[in-house]
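In this document, chain identifiers A, B, C and D correspond to the written order of the chains, with residue numbering beginning at 1 in each.
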Amino acid sequence: MAEFADLLATLSNWGKWGPDDELGALNYITSEKRVEAAGLVHRGESFSLAIPITGGQGPQGGAGGRVNPMHFMTATGCDPTTTVPLGGDAGYTDDFLGIAVQGGTQWDALCHIFYADRMYNDFPASAVTSAGASRNGIEKMHDQFVSRGVLLDIARLKGVDCLEPGEAIMTDDLLAAEKAQGAQFGEGDILLVRTGQMGTTKNFTDWSRFRGPEPGLHFETAELLHERRVAAVAADNMMVEATGHLPGYYVPFHMLALVNLGIHLGEFWFLEALADDCATDGVYEFMLAAQALPITGGTGTPLNPLAIK
Amino acid sequence: MAEFADLLATLSNWGKWGPDDELGALNYITSEKRVEAAGLVHRGESFSLAIPITGGQGPQGGAGGRVNPMHFMTATGCDPTTTVPLGGDAGYTDDFLGIAVQGGTQWDALCHIFYADRMYNDFPASAVTSAGASRNGIEKMHDQFVSRGVLLDIARLKGVDCLEPGEAIMTDDLLAAEKAQGAQFGEGDILLVRTGQMGTTKNFTDWSRFRGPEPGLHFETAELLHERRVAAVAADNMMVEATGHLPGYYVPFHMLALVNLGIHLGEFWFLEALADDCATDGVYEFMLAAQALPITGGTGTPLNPLAIK
Amino acid sequence: MAEFADLLATLSNWGKWGPDDELGALNYITSEKRVEAAGLVHRGESFSLAIPITGGQGPQGGAGGRVNPMHFMTATGCDPTTTVPLGGDAGYTDDFLGIAVQGGTQWDALCHIFYADRMYNDFPASAVTSAGASRNGIEKMHDQFVSRGVLLDIARLKGVDCLEPGEAIMTDDLLAAEKAQGAQFGEGDILLVRTGQMGTTKNFTDWSRFRGPEPGLHFETAELLHERRVAAVAADNMMVEATGHLPGYYVPFHMLALVNLGIHLGEFWFLEALADDCATDGVYEFMLAAQALPITGGTGTPLNPLAIK
Amino acid sequence: MAEFADLLATLSNWGKWGPDDELGALNYITSEKRVEAAGLVHRGESFSLAIPITGGQGPQGGAGGRVNPMHFMTATGCDPTTTVPLGGDAGYTDDFLGIAVQGGTQWDALCHIFYADRMYNDFPASAVTSAGASRNGIEKMHDQFVSRGVLLDIARLKGVDCLEPGEAIMTDDLLAAEKAQGAQFGEGDILLVRTGQMGTTKNFTDWSRFRGPEPGLHFETAELLHERRVAAVAADNMMVEATGHLPGYYVPFHMLALVNLGIHLGEFWFLEALADDCATDGVYEFMLAAQALPITGGTGTPLNPLAIK
């Protein structure tokens, strides 16, 4: 607890890029970084890191308005006619998607978490109203999230299919994975942390491992991420962080990473196919195109991140 | 009309990649193509080609279930408490997005249009039911849409801010733009066609130019796109194609490109900033990351395409 | 099975009120009937027969698009300002409801079930498209569903809190309840059948009894309802009918009552408070105001039925 | 203005029914009143006072999240199969309704408007959060809104089809209508005020008269409603009240009636058919069943009010 209080008081990027900054650690992604990222595309192989967006299915349980995706067809190929006539014996199909912005593969926006009524860069929590976030909304990142990605496959490092429920990934684990897997991470990189949880879903139908305490990053790792100037972090679990390690604090890592450091967090990412490939060719770095939908005032975004090797 | 009938009868990719193929012209994007695309990243500049996704705003009028996006906040920074307590004086904000899959910057899936009850590759229209598309759905493209992009700035070619309502872009126009702008397009490329329409929206608030007849591709251009083996085409209008040029046929280009050739079509793309940059540096080619959300059985997808130069 | 086949072939109201009729057995509710119903209001007591419509809660599991209600606040009393300024230091709150039309206390419209491609009164199933039902939609009943209501409290008749899972209520049970409870039912009445299921929900939070086989009406009772010219039937379970009694047929009672006879069916009704009152004063008849929302082309409707004694 | 300030300071029901009261003026509807109301049913004729709930149509323009209804079919009669198999060659149709709770024929809940941060009966505005209203929500009225209804047909009184835009209905107008139409209104009655606006919609397709200043009740009428102990008031316009009569105050009547007096307000009611009937038989009183959906924490409710004569 003393350790957390200390980190909370000392780790901070507030003001670092000016009082109006809403990009946070994404500032570390420079033009040079994007060029470097593109230079990692050697084989031309593309990996989708998103779970399917399927009507009525997914990891959410419905609490607090977080429902699984809803997919409504507004025109089908079975209807005798369509609302807008197309001529030429042609027809169209159409649909509507309802999705909890945080439900499924996503980024947390910097407005998603606050404490003591402040968000990243000292913006007040009250800037997020029923009309959306006027500060730190995800739309501010519309041309962001392209960089070098580095996978840290912690499950593989530890020789297991999946970490234990609630198991915390410590700073030493990250360093060991970096060493074992041969891809150093640093300024402007987007870090992908694999716990193995997504491999337990039986083709995205069984989410039981995401209901209880989850394995994930210990809050202490925020210090390393800060030192290394990481741009963003994503994982294959529900919270990025391990839960239950600090009595009275449900999201200590979020408080440090998202609020203090402005590090966007990606949750529910599908890393299985990519991890298998990295284990095969021994290359744990790649170009990552993980752009957000420009949802005005959004607290996050669904997305389909692509890793390109 | 005879010309259209002739093209409809002769232009086809059905069966070309086997009877089960659902990728269509995206088959032209090879691993080598992706490597080539990444090789176009020289300056490390990123351009978002999406219009904002803003609650209650956008190009749709509501007909046939096509509404503008709905953005609901399910937790704000103004609420005294939140549903899930986080401890540590922390709180969260959360939201829900409702979006017509075809409303805003999007891709048409290959299941979006059919004629004579058949979709691309001879799949029956009846494969698209109230439960979604079991064939040609957008989720099949989850790791696709990364390639070389080429911008054909037709408005700039013609020296106007925006083409006239209903003005058709002919094959000769495409060839002239290619020549004038110095970027040849060919196999596996994704073509971006600029009419200038998006520049008339006054910061995305005035959509009047998208209501009547629109400028866009003439159906005859499908032949050139086929010959050149283009992978996909997107434009800054509502339909990609010019409307009103073939009596009795509302979407002749869609019938040729989407149904016969399996060429995905992107609509409502924002090309203004990219076009200005291309005019400035004279480089009309770039890496394009335009991946779809993996919406199971979806007839299209919202997306945020990034052009990276 | 032979019994069912016989009933299916012989019980029918098709054509009885003309080839264009879409009211079905509601035709039995005459002006005189409504006057009679109003005459049953003696004590002026009103009972709501609806379960709460609560965001994220309810009997549905999400299969086939049947989700529990979604309740989104679009303006709260906590926001610093509201979108539309009201002056005078005033503010407003606002919200949006998403509801599966069949999820919660509802009526099945006559278009909700069909067999052999026909709905009530021989209308084709294909009249229900992605644009809604052009025949037998719930909006056709906009001024209906006010009549005499009669409660048949089968659980109380049998001296149990709740019937057994899958227990079928037979014709003799209805007759016995009618006799024991002293309220004869007949032409134009709306019948309310209590199984006791709703009493097991622990204040609408535990829906386990609604997941497996449920107690309800045996299909044979359709014959009595037809003879007595009942206008509509509602119950405190999910399907009105008992499930699992006719191999290969999941909804035999629906086929007879809804399709053949045009008898609307009400599901998920809350009858506990009303039943207690009826047991206390011995009066099992009342005025019932159970009007539908006029949802154009709807397959049913949420509603708040009131019994007034 | 002085008049308004005076009324705002003096008209109040706060505390009248105790500090926890959330029913407001509905307290005036007693059991005796309901019996009296039922006694008005003489001819057995039923009038629906709701406008249709039609997907994509209606009076709303989308501002502030107020969209027109959305109606999605999740199973149709055209689909080859359905998600849940029913056996016996049977099928089902299903749908989903998305509706702004205030969009269409509705009641304003007592939590819908506040000023100086207080709602009816001195509850704080902050009781309405993203999770809904914990005070003055519409679900508290689940067994309410059945009473004697009285129509005051002001348009007919003035001999016009529709009042002028912005025309204010004064206390004297109400008294004149009462006298001319022969139905005195008083304690516990629900008042229906007809401006004629709904008659201008050309079968609910043209809402232009609802966009600008509307005719409706002048704020001064709140005094008469209070004296007479009216239970609730509804009208055939968007706001019940006339707009634009008190500089700087957009909803002065709401402030008096809803906040100070706890009088629920009904908007977008369809009174044309009922008014014609009242003019014909000269009877302007009836039983009114205008119950709310029990939306937990809702700021209002869609409904289908029935007037029964």
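The rule we apply is simple: a residue touches a chain if its C-beta (ideal position, glycine included) is under 8 Å from a C-beta of that chain, and two chains touch if they have at least 3 such contacts.
The model shown is predicted, which means the values in this text are computed figures rather than measured ones.
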item	value
Given chain A and chain D, the chains that contact each of them	B, C
Interchain contact steps from chain B to chain D (minimum; 1 if touching)	1
Chain copies touching (chain A, chain B) - same or different residues, decided at half shared	same
Approximate Å spacing (C-alpha centroids) for the pair chain A, chain C	45
Between chain C and chain D, centroid-to-centroid distance (C-alpha), Å	26
Two or more partner chains touched - positions in chain D	55, 63-65, 67, 70, 72-76, 78-80, 83, 96, 98, 126, 129-131
Arrangement of touching chains [line / ring / star / complete / other]	complete
Residues on chain A engaged by chain B in the complex (per definition of touch)	30-35, 37-48, 50-55, 63-67, 69, 71-78, 82-102, 111-117, 119, 124-133, 139, 142-144, 146, 248-252, 254-255, 259, 287, 289, 291-300, 302-304, 306, 308
Residues of chain B touching chain C in the complex	64, 70, 72-74, 76, 78-80, 96, 130-131
Chain D residues touching chain B - in the complex, by the definition given at the top	55-56, 62-65, 67-68, 70, 72-76, 79-81, 83, 98, 126, 129-131
